[in-house]
Each structure stands twice: as structure tokens, then as C-alpha cells.
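Chain lettering (A, B, C, D and E) follows the sequence in which the chains are written, and residue indices restart at 1 in each chain.
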Amino acid sequence: MGEEVKEQEVSMETVAMILGVILLALVPLAGRHMTHLVASALLLSLAATSFNLLFGYTGLLSFGHALFWGVGGYTVAVMMARFGFGYLESVAAALAMSAIMGAAIGFLCVRHTRIYFAILTLAFGQMFYGIAVKWDFLGGSDGIYGLPRPLNSLELYYYVVLASVLVSLYILRVITRSSLGLSFMAVRDNAFRAEFLGIGVRATRLKSFIISATFTGLAGALWVLLETAIGPESMFWTHSAEFVFVTLLGGPRVFLGPVVGGFIYAFLADVAMSVTEFWLFVIGAVLIGIVLFFPYGVLGYLLKRLRG
Amino acid sequence: MVTRREFLGMLGGGIVGLAVGGALGYTLAPKGPSPEEMAGKLPGVPSEPLKIGGMWFLTGKFGTYGDMAKKALQLAVDEINASGGILGRKVEITLKDEADRQNVLQNIRKMVEEEKAEFLIGIDSSGDVLKLAPVVENDLHVVTVITHAATPKLTACNKLHYVFRISMYEEPIDVAAAKLVAEKFPDVKKVASIGPDYAYGYDSWAIFSTNLKKLLPGVEMAEPMYSKLGTEDFSSYIDKMLAYEPDLVFSSLWGGDAATFVKQAVSKGLFDRVKYYLNPMLGATDTLKAIGDGNVPTKAQVWGSGRYWFLYPPHDVWPLNKTFVSKFKSRYGEYPPYVSATSYTAVYALKAAIERAYVMKGAWPGQDDVVAAMEGLAVAGPMGPVAMREDHQGVYSVFWGRLTKGAPNYPHPILTDIQVFDFGEVFPAPGQTAVKCQ
Amino acid sequence: MGEEMLRTENVRKHFGSVRAVDGVSIEVMKGEIVSLVGPNGAGKTTLLNLISGLLKPDSGKVYFLGEDVTGKRPSQLVRKGMARCFQISNVFENLTVLENLLAAVHSIEGRISPVRRYDEDDAVERAMAVLREFNLHERAHLTPKELSHGDRKLLDVAIAYALNPKMILLDEPTAAMSVGEKRTTVGVIKKLRDQLGVTVLLVEHDLDVVYEVSDRIIVMHQGTILAEGRPDEVREDPKVREVYLG
Amino acid sequence: MDMGLLAAQVFNGLVYSSILFLVSSGLTLIYGIMNVLNLAHGSLYMLGAYLGITIVVYALGGTPLAYLVAFLLVPPSVGVVGALLERTLIRRTYPMGEEYQLLLTFGLILVFDDLVKMVWGAAYINFPDPNSFLGGLRFGVYTLPLYHVILIALGFAVFLGLWTFFSRTFTGKVMRAAAMDREIVEAMGVDVNRVFVSSFFLGSLLSGLGGISAGPLYTASPGMGTDIIVYSFAVIVIGGMGSIGGAMAGSLIVGVLRSLAISFYPQLEIVIVFVIMAAVLLVKPTGLFGRPEFERR
Amino acid sequence: MIARLEEVYVDRGGVTVLRGVTLQVGEGEAVALIGRNGAGKTTTIRALMGLNRPRSGKVYFMDRDITDVPAHERARMGIGYVPEGRRVLPDLTALENLEIAYGGKVPKDTLEWLFQFVPDLKRFLNRKGLYLSGGEQQMLAVARGLVRRPKLLLLDEPLEGLAPKIADSITRTLKQIRDEGFSMLISESGIVKRLEGLATKAYGIDRGEIVYEGALEGILEDEVARARIWGV
């Protein structure tokens, strides 16, 4: 992605990364709220990074990605609350379900690109939102609640989340650095020419869609266990917009951009809400400012300055 | 149904209950010393302020609820602080927005774990309250007083320890509605209904229709209709109703939806074709203001209820209501809706319970001490005396009133011809409900 | 020689009233360098598009290595050994030069996989070897934006070559090049055939280049073939001079 | 099937279609001419309703005159707000991708919702019902309120007006021309920037007209723009993005089908619009009346 | 002197496409700009029209420095433009295309005046651009460039892609226009013959540099120009 870094910077980044992980491991010492906040920031980051595999790496803007967050979340909730499975089986089922839904919806959506892709994904997102609201089995508008927290402890579960997110990010990183990841970027940059490289453009987009949906679903699944509840609003289009926002906030052209964006967003919303009831105004204003002044996102901007 | 005289009798009982409960009659309390003066005077009371966390919809389509609840909360806190706080501790509030849908539970946690709120009040959405209860019970362990969310499931389907609901819930109001119809409008033959398209709407219809069938077995009922929250255009629903030609329409729409519906029903002539229109959520000043005097139907009788009505209990027999209404009106320029009364009462209930627990314990009470004091507590609120039942549901009498133009005395329509139902008549026994638990 | 690489049979493509390609049959033998020339709008690029699968002919057939490939998609043709470059350099703008090549290498060798690093050693080696052939290896870590115009066009050719093609279609490889760049390109085209064994079908305006590299020249005009022959034959053909210089 | 009810529901659908058309024609117009998809278009609708309230409820009282004044003043005011947004903010996203336009205008939604709350408060507000002085037409058990009839007429009148504007007037033709090839139109002596501001003005004006028209029918509350924008999206996708005729067709389909669904298949109400939208996109991505995009330059 | 480019450099997409182009069109003159694809003809014309801003250098029109004047004002000042590929507005009729360029309803006498040059226009005046043949589109494009009676008409490869008969008729039209005293700059991708009798003066351009300036006939004799433009 043209972000290949020089040797000494790699070591700097590695150091920063290790420090970051140590910091994250220490979070439970900062109290339960912080633990909870960081856990949700991690999951938002994972969802946004998965979204960005499709957006930043493959060039497809999904405006309905919360659908997969919801698919993952509802699968866990249904498995546990309706069928009495444990959380491990439930999360595994959520992964499978997200992948299957990703394949089915992706198959229909990747026939289009650009604005049409965005609108089509939006339509699917809203359709499933409507289904969740109407379907008793999913708890209707109340959703499903009162799920047991795995391990009976927020702190322990935090480490489950941390580990899962780190492993997932690692896998996503491996994918973006893989030959498959390169084919995503080739399709993004120039689908026309990619076809002349023997890359099946539609199939490549679909692969990206499925991977993206699966990890977004994982984030939703883990989030449900953190929240112990889920409702239809988790699939509403404004939640999808949040992923887009977070990604652009951090920077769509840097792998860790959405992670940085996820943390900034989580803390910004947390602080803004404590300060003013017009916190949405603050978020909206920040969003406008980002678009106008930092279109490469915060991390994108920082890296640009660092590297001259 | 009770008459005015019976009500006075009930009121007496309530006041006795209050005395037994050991609550401090705050309406009678003279202006006390300031918290600063009181600080440290009482043994075992910490000197730092007491923080109460509140959560309602502060933004978005339902933002008006949070706004009104917040105003009443502020009123109560200012009163309490002006008269010595709670056992000398100054009260502070911290608020979170329930409209941040993705983070409701996280925000609740934040108030408790980070902002050190010792007690919680609020919650508008039934869905949220059901999600919240297990978290509070299993994890947060702080006394939480619900002021709005009305699902019967909260108190009937859960064994609650830390969570209490001070506000009336939907079941007694709907039961009372069935009684009202059976007693006052026995000529009803066909009933149509509309409600919001989620659990509350379904439950409300289930309770009303089950009870009505028992009381008036011959009544025919249309397939219930449900509209999504925030529906703008009810024309299609109204015409479907008209096609059915009912005598009575039961509507559990609330907030803006309730107002929009009435307005559109007026212009679509619904109230020329039906005789009665009942809405258990109509007795809310925000809704009535939105309806406006111009839309009060003249032909059909429109009846409404609510968790509180600012003209009931009558100001002459229950001065606390009068004080509350006049304070609220002079501070905020409008008459208080029910969310204001319930939040106001919630703060005083907490105060009463803490003080009672302190008396019993002789030291600042822990959460479990406050729970013990809340159980069986009776507190005087603007809506009358509220008794906390063993299932942690506050009980007080239900009213239904007829919609009438407010002019010239009030800026919006009001409810008159108030019919009161004693709580013994309409509250199901603890643990019972006509609604299916999940 | 003598073995057939590519053949078109009376292919036709009309856009509305415009007869872009109007019944063209050509043949390219293995190891040949064949040039398509003709004034603007003669239909050369359209013919290239028909051959490479970008357009479907209204009628007629395209054979590649004896197989009927009419209507096959570009990605399928690439796998059969037909690569193509573009008139306006058409590369992956946000990837480095090396990554551009790697994308081609991985794709054609069927190595696309989510776990295989795209910069694994043997792929990089292979890509760098190609870049060396085109003298681009020193610019491997630049993005196309940072390349000179000539180098961008070279990169385009290098990508095509990295696909292990049996045949490359080149669309105006020297357009807007400096004289020096042009020399390089001529060298590259010769090398493609002489050292790398690739058959070349070239669309080119610069007749100097065409005369220098071609085994055979096909002159197109208004969608049809006007003349065909060895460079010296075509050079002397009055019809060709007519078309060009009037 | 009850034919009277069916007719009544079609009528109700037409009223809703009319509002939808006013809003979505503006959305599609701006998209068609400028290739900008303005998510905050719904916020301008909300602004129209609230400005209307200011005039009808607070300033002049619910008299027929107040309505007349509101209908005359509000749409152009909203148009000016839209034009200002274009000049100050949205214009700066043109060199960036579509996603940035979507994001910026999404940010505007949040800002507008809170601004409305700051100015008018969080409570929902009702207009006095214009039918109280207009009355209605009786039709069996049903009443067709006159205001509803007027709205349907207004929707069709605006449709015809736009049709005439774009096919007959010079300014309309210039706008269409700018949509086809902005550069060549510039080279022909047209100040395309002005055309763009004008089309934003006109598109926003239509949204404002939608707001003031819907206001008396519905209830104004902060956030009222969010639903309508999603439905308008559906409308213009179904009809074909950039096509006024398509916006009309899409509005009719969405409005009437939704109305019929309520009466006859209530469980479909929420999803039906999105199912149609997805189906249209999958089968005919350019929508019913759209055509493949011109090569834009 | 009607128009003049002076040492104009233009970058497009990071590539320098004009490298110090100096070129001049005199009163009543028809000037040819000859070069192959990608040589910089279109950019030169666009620089005159104001569609490409020079990185450095100046553009003059009627002795006024118009380097910073936007395209639409240049059009109003009297520069007509017939773009490469014609770019007729497909969804508007021929007449409407003319109206846009005229800035309003085209007066009858102006139409009559246009018919002198392009009599065929009468035939398809009310047909949409989309349904015009290539030759008709080109005629319309010329008429559109002419409708404001500009002092300078820029024609970017007006003969490209046209059948010979039609190209001839366009050339005749252009001659007629020139004879009316209009100045014009015509680009051509290499077939000099097509401009014989039309252009008197010619510039040869290659890789963004002017490689020839002089009489049209002379360009084929010029060694440098021949080598660089035709490679022969």
C-alpha cells in the first residue's frame, strides 16, 4: 500500500506496538469503567478494521456493515438464551453465521461498486433491522438480554476480548500483507487492469466481503457478551455509519487507522457525553472537521508528517 | 372505581403509611441548615457529596422525556440541598443519554464505576430496563429507581433486589381501562386498536383485551394494528380502523405518536364515527401540548390516563401536588408531565430510604441497607402516596380522565371528570401478569 | 515459425453508426512482431479490445493458439497466455512498482492465498528479475506517480511480461515518449521477442519504431485492412503514404 | 378485498407519495446535476417544518394567512440554507471521494438535529391543523381532508412545474446541460459554479417545501429528517438516480405500497421498501427510469 | 493578433504536457496545430480556452492577459470552442445545444446566419444530440462554437473519425467561416492534406514542444518536424 516502511521505523513501530499491548493488558487496573470502555473500543476497532478491509483495501464502501455485527451478536444471543449453549460454541456459531451471511449478501452486492454498492448494502442492513424488530424469536424491539457474562468476571472477559481482538487484528494484518490482500488492493486501484492480470474481480471482491463480514460478526458476538444484551438498533444504519466514521477518523489507508479511530471515537463520545447533552453536535462537528482538514485520518496524517 | 370521598379516605391511609415508614415529611419541613453546616455533624456520614446518576433519552426523537425528567430531578435536588442535603450530604447528579443506543449499559457502568454514582434513577425504554436489571443485580449492586419504563416484565418476571420501580407500570392502567369501559361504556360492541410496534404495544393490548373480554364477553375485537415508533402518517391506519366501524378505539400510542394520531384522526373524521377513544398514555402534558385545544374532539369521548396527572390528586386535598406543580411551573414555565413527577419522587424515595436506613443502622447505610429500607417504604409524591411493594413495584392509584379543552385556564387540553381506581382494584398480585415472561 | 498464435476471422464491431472494426481478419505467427498502424480512428485499438476480450465482436471469431476464444473474459485470456498493455499507462497507482509486479506474479502463478505473504522471497525474486529485464529494479519502491512517463509505460509492459505470456498486445507503447525513452522501448520490444520468446502485436503511431521492430505490418483504415506486408513493402505502398501524408 | 378501503388507502398513499416526492425530487435533482448525494437533505426538510412552526405557531397563529406566509417564505429560506451549505462546506468535498461527501453530510445531520433542539427545544411540536379551516370531503365512512387533497395536487403541480422548468426554460436546460458535461458547458460561457449553487438552492427549496407541507400533517421533532432521508434514498434508487420522473414513480410506488401494506400485510411495512429497493438495484441497477450514467467530465 | 500563448507550461496528472509553448493566431487567420496523439494539441487548445491552467506562462486574448480568466468568461469574451470528440450534449436537442452556447434563445437571424455555413443543421435542429450521426454531431459542434460569433474559434481535431466525404464537407464549412473573417486554430493529428486550402500557417507540436512554425505546406518538408511528428 505504499506504506512499506524503512528498517529503523519498523523497530520503532514494533516498540510502539509492544508498549501498546502492555498498556492494554494493564487496563483492568484502571477500574471497571475503563476496562469496559476499552473493551468496547477494541471491539469497535476490530469491526472498523474488518470494514476497512472492504473499504480501504478493496475499495468498496459498505453502508450496512452493522448488519454483520448484528448477525454475530444475535447468533450468540440466540444460541445462549434460546438453546442454552455455552459462549465458546456460540461464538463459533456466530463466526460461521457471519461468514455464511457475508457470502450470501456479498454475492448479491459485489455486482455493484461505488455509490450503488453503498446503497445496496444500506438496503440490506435496513431490511435485517426491520426483521429483527418484527421477529419475536429475536426478541423484537426489546432484543435479547440478561446473557451470562463469560467467566463471570469483567476483568477476565476483558482479556478474552483483548486476546481475540489482537489475534483477529493479526490475522487481518496477515491477510492484508498476503497475496490475497495484494489482489484486493489491485482491484481497488484498478479493477480494469486487475482483470488483465488474471484476477477475477468479482470473486476477489466477494472474498474480501466474506472475510470482512466474518470479523465484523466476531466483533458483534464478543460485544454481546460484554454487554450481555443486544437489540435491533445494533443493525440500524447509523451504527453502520459509525464504522465508516471511525475508519475515516483514524485513516483508511493505514492498517491500524481504524483502531486509532475506534479508540478516539470511543473516548470522544465518552467525554463529550459527560460534558454536554449536545454530544452528537460535537461528534458531527468533529466529523465535518475531519473530512475538511484531515481527510487521511488522524493516523494517516501523523504518519505523513513523521515520514515527511 | 373510587369516589372523591373514598379517595380522601385512602389518602389518610397513605399518610399513616408514611408515618409508619418513618419518612421525613419534607413538605412540612422548614428550611433546614445548608449541607455545609450539616457536614460532618452526623456521625458516620461521609463528608463528600452524594452522587446520583440519571439516564433518560436526552437527545433524538424522545429527547423531551429526558429533558422533563432532568428538570424535575434538578428541582428535587435543589430543594434537598437547600434544606441540608441527605443527612448533610450535598446531592449531585450526573446524567447519561439513553439515546446513545449502542452504549446504554456501558454508560450506566460509567456512572457507577467511574463517576461514582451511588444510586441510579431513570430509564425510559422497556427494552433497556430489561437489559439493565440483570447488570445491576449481578454486577453493579447499586440501588436503582426506575422512573418511566413500564413493562410488567420488569417486576413480574424478575426477582429484583437492587432495582425498584417508583413509576406506575402499564398493566394497572390497562386493567383500569377495561374496567372503565365495562362500567361506563357498556354499549361498546366493536373495538379496534393501535399501538406502537414493539413489546409495550403488544403487551398493552394483551392486558386490555384479556380483561375486557372477561368483563364484557360479547365484545368483538379487530386484529390489533401496530405502527413503528415515530410514524409520521397514520392515515392508512385510521382508514383501516374506519373500515372496521368500531365503537371504541384503544390506542397505546405515546408521545409524539399519540399526538400525531389524534390530530390526523380528527382531520380524517375518526372521531365522528367512533364513540370512545381510550389512550393509557394520553395524560402527558407533552402529548397534550402537541395535540392542542384545536384538536380536542367534540363528538367522541376521548379518555386518557398516565402515571401521573398534574391536576390529580386535587391540589386542595393533596397540597404536595400543588406545591410541586407550582414550583415546576414557575421555574420552567410549563405544567409537569409524568416523567417529571416520577423522577422527582424517585429522588425523595431515595432520600427517605437512606434516612430510614441510617436511623436503623446508626451509620451511613450500605446498598443492602438502603434496599431493606426501600422495601415497604411509603413515600409521598406529587401523585399521592406511593407504597413500595415486595416485588419492588411502587403502587398508587390509577386515574382515567376525559380530554377537554384547557382554555382559558390552561395552555393545552386537560383531563377532567377524573375516575380513580384504587391500586387494590387494578394492580395484579406480585409476580402476576397477563403478559408472557420471555 | 509458421505456427499460428492468433487469428481473427472477419471480426466486426460497430458503435451505433460508427463502423469501428468492419470485418477484419488477421493472423499472427508464433515469434512474430506484427504492427497495426493507421491514422487515428482507424480501429486499431478497437481491434485490440476485441482480441483481448474487453469487447465482444458483433460477429466474427477470435482464435488464440488454435482455440476459439471469442467472448472470453480478459482474465481467462491472460491465463491462456495473452497479456496486454494500454495506450495510457494503466497500472496500480497506490502500489509500489514492486507490488505492481507482485500482483501479476501471484495471480498468474495461482498463488493467491490469504496466508502467503505477498512479499515472500521467491515472488519478490521473480518480480525483481522482471524489473531488471526492464531496468526498473532501482525504482522498485517508488509508486507509479513518482516515475517518469517513459518508466510508467515500461512498468505497464513489465507487468504484462510478468504474466508469463506467450503473446503481448502493446497499445502505443511509445506515445508521448522522449527520443531516449523511445530507444529503450524499441530495445524492450525486440528483447521481448528475441530473448524472452514472446510474440508481439503492436499498435503504434511512430512509423520509425514500427519499421525498426516489425516482421510484418498491417495497415488499417476506417475499420478495415488497407494493406499488409513486410516493412519495406509497406513503406513503398502508395496507399499507405496516401493515408498518412495525404 | 374491501374496495372502499382500497381506494382510501391508495389516496393515503398518494398523500405520502406527494411528501416523499417533494423531498426526493430535491435529492435526485442535486444528485443528477452535481453528483452529490446529500444525506443532510432530510435535515433541510426538518428545518422547513420548524421554520414553518415558527411562523404558523409562534408568529402568526394558525390562520390561513399564516399558512400562506409560511408556504411562501419557508421554501426559499431553506433553499438559501442549502446553497450556503454547498458554498461553504459541501463544495470542498468535490475533489475527494463520494464517501467523504456522505460522511460530511452525515456529520451535518448530527449538527442540525442538535441545533434544532437548541433553538426549538426537544419536545415535539404540532402545527394547528389546517383542516380545521379547510374541512374535508366525505366519502362513505372515510374523510378525505382537504389539506391532503391539496398536498396531492401540490405534489403533481411541482412535478409538472419541474418538468416544464427542465424541458422548457433556459435555466432548466442549462442545469441539465451542466449535469451532462460540466466542462463543455463552462466552455460555452456558462458559469457552472452558479449553476451548481442554483441547483442546490432549488433542491433544498424542494426539501423545505416538503417540510412545510408535511409539518401540518405530522409532528415536528428533532431527528424527523432521518426517516425521510432513508425513504427518499429508496425512492430515488427505485426510480433511477437523477431522474425527476423516476422520483415521481419511486414516490408513488413507495407511498402507495406502504399504505397498502399497512392495511393488508402489516408485517411487511418496515421491510417492504428496502426489499423493493434491493430488488431494483439487483435487477436494474439504474432504477426504473434511470439510464446508464453519461461519461462525466 | 487575436490570441497568443507565451512560454506556457501545463501539468496534467503530474506529467508535464506542455513545455514552454509559444503560439499565436492572427486576425482572420486559420492556424493549424499538427501533432500526433498525446503530443499536446488538446492541452494547448484547452489552455487557450481556460480549461487547463498553466503552471507558468501567459495567455493573451485581444491584447489582454487572460491567464487567470475562467473559461466561461473567455467564452463570453469571444472564444468559441469545438472540442475533441464533439461532446454534443446528448440529452438536449441540437437547437437546445445552440441555446446553451448562445446564452438564451437563439434569434432567428443568427440561426439563418448559421445555416449559411451548416445548411444541414436545419434538418436535425430538433433532434437530440444522442441521435445525431458523427458528422451531424460535428456540424452541430461547429455551429455551437460559432453561435456567439466569436473572434477566435478553437477546433480540436474536427475531422477525426469522420468519413472522408463528411470530413470534406466540414472542411468546406470551415473555409467558408474563415472567409467570413473569423480567426481559428485547428488541431489535426497528422494528415496535413485535410487542411490544405484551409489553414495557411501551421505549428507542429511534439511532446509538448513546438517543433515547427511556418507555412502549412512547409511542415512536410521540414526534416525536424517530419521526424518528430511522423517518424518518417
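Please note the rule applied: a residue touches a chain if its C-beta (ideal position, glycine included) is under 8 Å from a C-beta of that chain, and two chains touch if they have at least 3 such contacts.
Computed from a predicted structure; not experimentally measured.
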Touch-network distance, subunit B to subunit C, counted in steps: 2
Chain located farthest away, centre of subunit D as origin (C-alpha): C
Centroid comparison with subunit E (C-alpha atoms), farthest chain: B
Centre-to-centre distance between subunit E and subunit B (centres being mean Cα positions), rounded to whole Å: 78
Approximate Å spacing (C-alpha centroids) for the pair subunit B, subunit D: 38
Distance from the mean Cα position of subunit B to that of subunit A, given in whole angstrom: 39
Centre-to-centre distance between subunit D and subunit C (centres being mean Cα positions), rounded to whole Å: 51
Set of subunit D residues in contact with two or more other chains: 113-114, 117, 270
Residues of subunit B engaged with two or more neighbouring chains: 58-59, 66, 197, 228
Junction residues of subunit E - those touching two or more other chains: none
Contacting chain pairs - touch in the sense defined above: A-B, A-C, A-D, B-D, C-E, D-E
Touching residues on subunit B, where the partner in the complex is subunit A: 58-59, 66, 94-97, 100-103, 105-107, 109-110, 112-115, 126-127, 130-131, 133-135, 138-139, 151, 197-199, 202, 228, 438
Of all residues in subunit E, those that touch subunit D in their complex: 49-51, 70-73, 75-76, 81, 83, 87, 89-92, 96, 99-101, 103-105, 144, 148
Residues of subunit A that touch subunit B when the two form their complex: 31-34, 36-37, 40, 133-134, 139-143, 145-146, 149, 154, 227-229, 231, 233-234, 236, 239, 242, 269-270, 273-274, 277-280
Subunit A residues touching subunit D - in the complex, by the definition given at the top: 55, 61, 63, 108, 111-112, 114-116, 118-120, 122-124, 126-127, 129-131, 133-134, 237-238, 241, 244-245, 248, 278, 280-281, 283-288, 290-292, 295
Subunit B residues within the subunit D interface of the complex: 58-61, 63-64, 66-67, 197, 225-228, 230, 232-233, 235-237, 239-240, 242-243, 245, 255-257, 259-260, 263-264, 266-269, 272-273, 286, 289-292, 294-295
